[in-house]
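Residue numbering begins at 1 within each chain, and the chains themselves are lettered A, B, C and D in the order written.
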Amino acid sequence: MFILVNLKTYPCDPIEVAEAARDVNDETDARIAVAPQAADIARVAETGAETWAQHVDPIEYGSNTGHTLAETVADAGAVGTLINHSEHRLKLADIDGSVQAAERADLETVVCANNPAQIGAVTALGPDAVAVEPPELIGTGTPVSQADPEVVEGAVEAAENVDGDVSVLCGAGISTGEDVVAAGELGSEGVLLASGVAKADDPEAALQDLVEPL
Amino acid sequence: MFILVNLKTYPCDPIEVAEAARDVNDETDARIAVAPQAADIARVAETGAETWAQHVDPIEYGSNTGHTLAETVADAGAVGTLINHSEHRLKLADIDGSVQAAERADLETVVCANNPAQIGAVTALGPDAVAVEPPELIGTGTPVSQADPEVVEGAVEAAENVDGDVSVLCGAGISTGEDVVAAGELGSEGVLLASGVAKADDPEAALQDLVEPL
Amino acid sequence: MFILVNLKTYPCDPIEVAEAARDVNDETDARIAVAPQAADIARVAETGAETWAQHVDPIEYGSNTGHTLAETVADAGAVGTLINHSEHRLKLADIDGSVQAAERADLETVVCANNPAQIGAVTALGPDAVAVEPPELIGTGTPVSQADPEVVEGAVEAAENVDGDVSVLCGAGISTGEDVVAAGELGSEGVLLASGVAKADDPEAALQDLVEPL
Amino acid sequence: MFILVNLKTYPCDPIEVAEAARDVNDETDARIAVAPQAADIARVAETGAETWAQHVDPIEYGSNTGHTLAETVADAGAVGTLINHSEHRLKLADIDGSVQAAERADLETVVCANNPAQIGAVTALGPDAVAVEPPELIGTGTPVSQADPEVVEGAVEAAENVDGDVSVLCGAGISTGEDVVAAGELGSEGVLLASGVAKADDPEAALQDLVEPL
């Protein structure tokens, strides 16, 4: 299972979470990565943790101000990027452009979407993976795998129908190892989570709990 | 073939174009519709021409100001709507919401996209039809069926791969009956056009030329 | 006092509200106008009520799809337009463009904003009037003139500091004649309201109550 | 004069430009700062050059993905930020929110706008400075101080009318010391520039030329 910890703009210490991710990644079979803010990517990557961007813009080198260039976050140490997170919804043409920009910079891509129909849609754009996150469950502590298992199954089916090579992750409300196992049983190859680890008093313990049942 | 004439915000007489569309529709086997601005839908529909909206918002009855409610354009006489035209690109989640809003109001839907990958994406949202329009050809007079035939074929293939029940239209640069025939031969079931008819000195003659070879 | 009734996308009968607005306008000293959806402007204007658009886009005649052209809503019978309503926030450059588009089409303009600082900002763009509406009070039934009188006074002062020729309106939560009087005493030359009239069982009675104390 | 060099997403070496800015700043009376991409702020700030962000979002600590938090860029070493650059236009309410976010994080603010009317508008939001940049001149090499001197004078007058404490900068097409002097003579207290320095073969020489006539 792939566990991608989105640090959002939380007031957490990104280095502490990154070191926890690195250590638990090394001690277990799970793959664990962290996605800090753009300005923190370089120092997070220096910890040795697998580092992702939270977003890249559909742009190339040139006259763009205040945007996130895929090449720049890759140079800073990111190896992948979220695209179209529910807190950063993009136009369809821009999701397409961002996936292409990420690929150009050799960033792995996870494109987020709200529901199975939209998962089918983003799968058609050829990312490495897609992630279904029902917006109404984000931050609730109620895991999607329990509150809405048919959303995860529907997403797996929708992606499979369009392109069997694209992995499916799920997110929203995931905070325990049981939730991760349940997500896997529904066909998910990974999970997105955020507050469960980033806001934990002890991020390393939170990650160990998450991967323990795997 | 379905010929959908987008009147955009051109300084044309929408009634003249609508009457031409109605008359040529009645005289031939082609299906012809016009898409005026929202404020013109009621008077265009009164001509008896098949009338479409250019856009509907992903909203329901309620507290929305300056938006286009699907139910209201349907009440005014529209029977279908464009969604995500390249001059009005939407967020993916909003394309999904607009398709659902249109269906709720019994409006037929044509969702536009730039290229085959995006056509696959919007097909997954379950509209009645999709339309591929390479933005760089819009308004050029160079028909997509001639300048970029593999875009049309690629769009047909991408849609078929996702959902064989969704029709494919194409647009951009179409102005002659030959272009329409070529579009059909590439697998397109209709065309979007705009300036070729809406800006013609004689819209009825322009439409007759378009359908003549069919 | 100017009373501008925003019909939003409410499931009300715009004709019934428009006829009420027309009749109460004619019977009293108050100036009353209604702002229906774009697709309803023509039939609302035919009632003889003063008719406003809810929004116009910063565009000219040309290649724009699904947008609201100032000239078209003016031709349909609108004499004014809201711009930048809190349910339709615009980029600053587009507020500027929309005010210019409205002026080109001889539409009177009311530009909305959230707070005194933003009221100062939109006043600098040269509209006919500005309207302060604290978003947190919209639809609450708690009038801004009572919940937040210093917002109205601050808006009047901010506008005056930038351009003394621009009128100030206020909105949010206004539903009684007392609220309208209070707004006037705070320096407001009019009010924006919506649900209080548009959702009333008897819109004419609601309007009569509003203007009675004036 | 304040010379703010926007590195945009140019394929330049931000460290080379930053070191040039630091050295020329130290050797002359001019104040010189550089604005790199968010992911480069920390390493640019480590050079000792005055470092600015290109943009901050109107957000606080919390659930925001792919956004730029003012506190985070400040922690990375930025001391100021551009807001509403013409390549990153914001909604009026978001310019207001971004100025407040920047102030909360002790970042100096320069809010950009297209023309004198919009300069008046953004001045009302209380930033430290505003910058007028006619979009049509950006990247042309034709300096605004020469092509459109009345825009600079109009901006100075518009800002002064609203709040005399807000400084005015200008930008677009500036590449020589003569342009900087001309900008100052029109009432500008600084200049925004980008390609003239960031794309120069020798950024230090380019900066020395710029400040030489001051």
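Quick notes on this one:
Rule of thumb we're sticking to: a contact is a pair of C-beta atoms (placed from the backbone, for glycine too) under 8 Å apart; a residue touches a chain by one contact, two chains touch by 3 or more.
Because the structure is a prediction, the values reported are computed rather than measured.
The chains in contact with chain A and with chain D alike: there are none.
Looking at which positions face the partner, chain C and chain D present mostly the same ones, since more than half of the interface numbers are shared. Each chain gets one centre point, the mean of its Cα atoms, and the points for chain A and chain C are 43 Å apart.
Work out the mean CA point of chain C and of chain D, and you get 36 Å between them. Centre-to-centre, using mean CA coordinates, chain B is 33 Å away from chain C.
Within chain A, residues 86 each touch two or more of the remaining chains. Taken as a contact graph, the chains are arranged in a single closed ring, with each chain touching exactly two others. A list of each chain pair in contact follows: A-B, A-D, B-C, C-D. The residues of chain C lying in touch with chain B in their complex are 6, 8-11, 37-43, 53-55, 59-69, 72-73, 75-76, 82, 85-88, 138-139, 194-195. Contacts from chain A toward chain B in the complex involve residues 84, 86, 89-96, 113-115, 117-118, 120-126, 158, 161-162.
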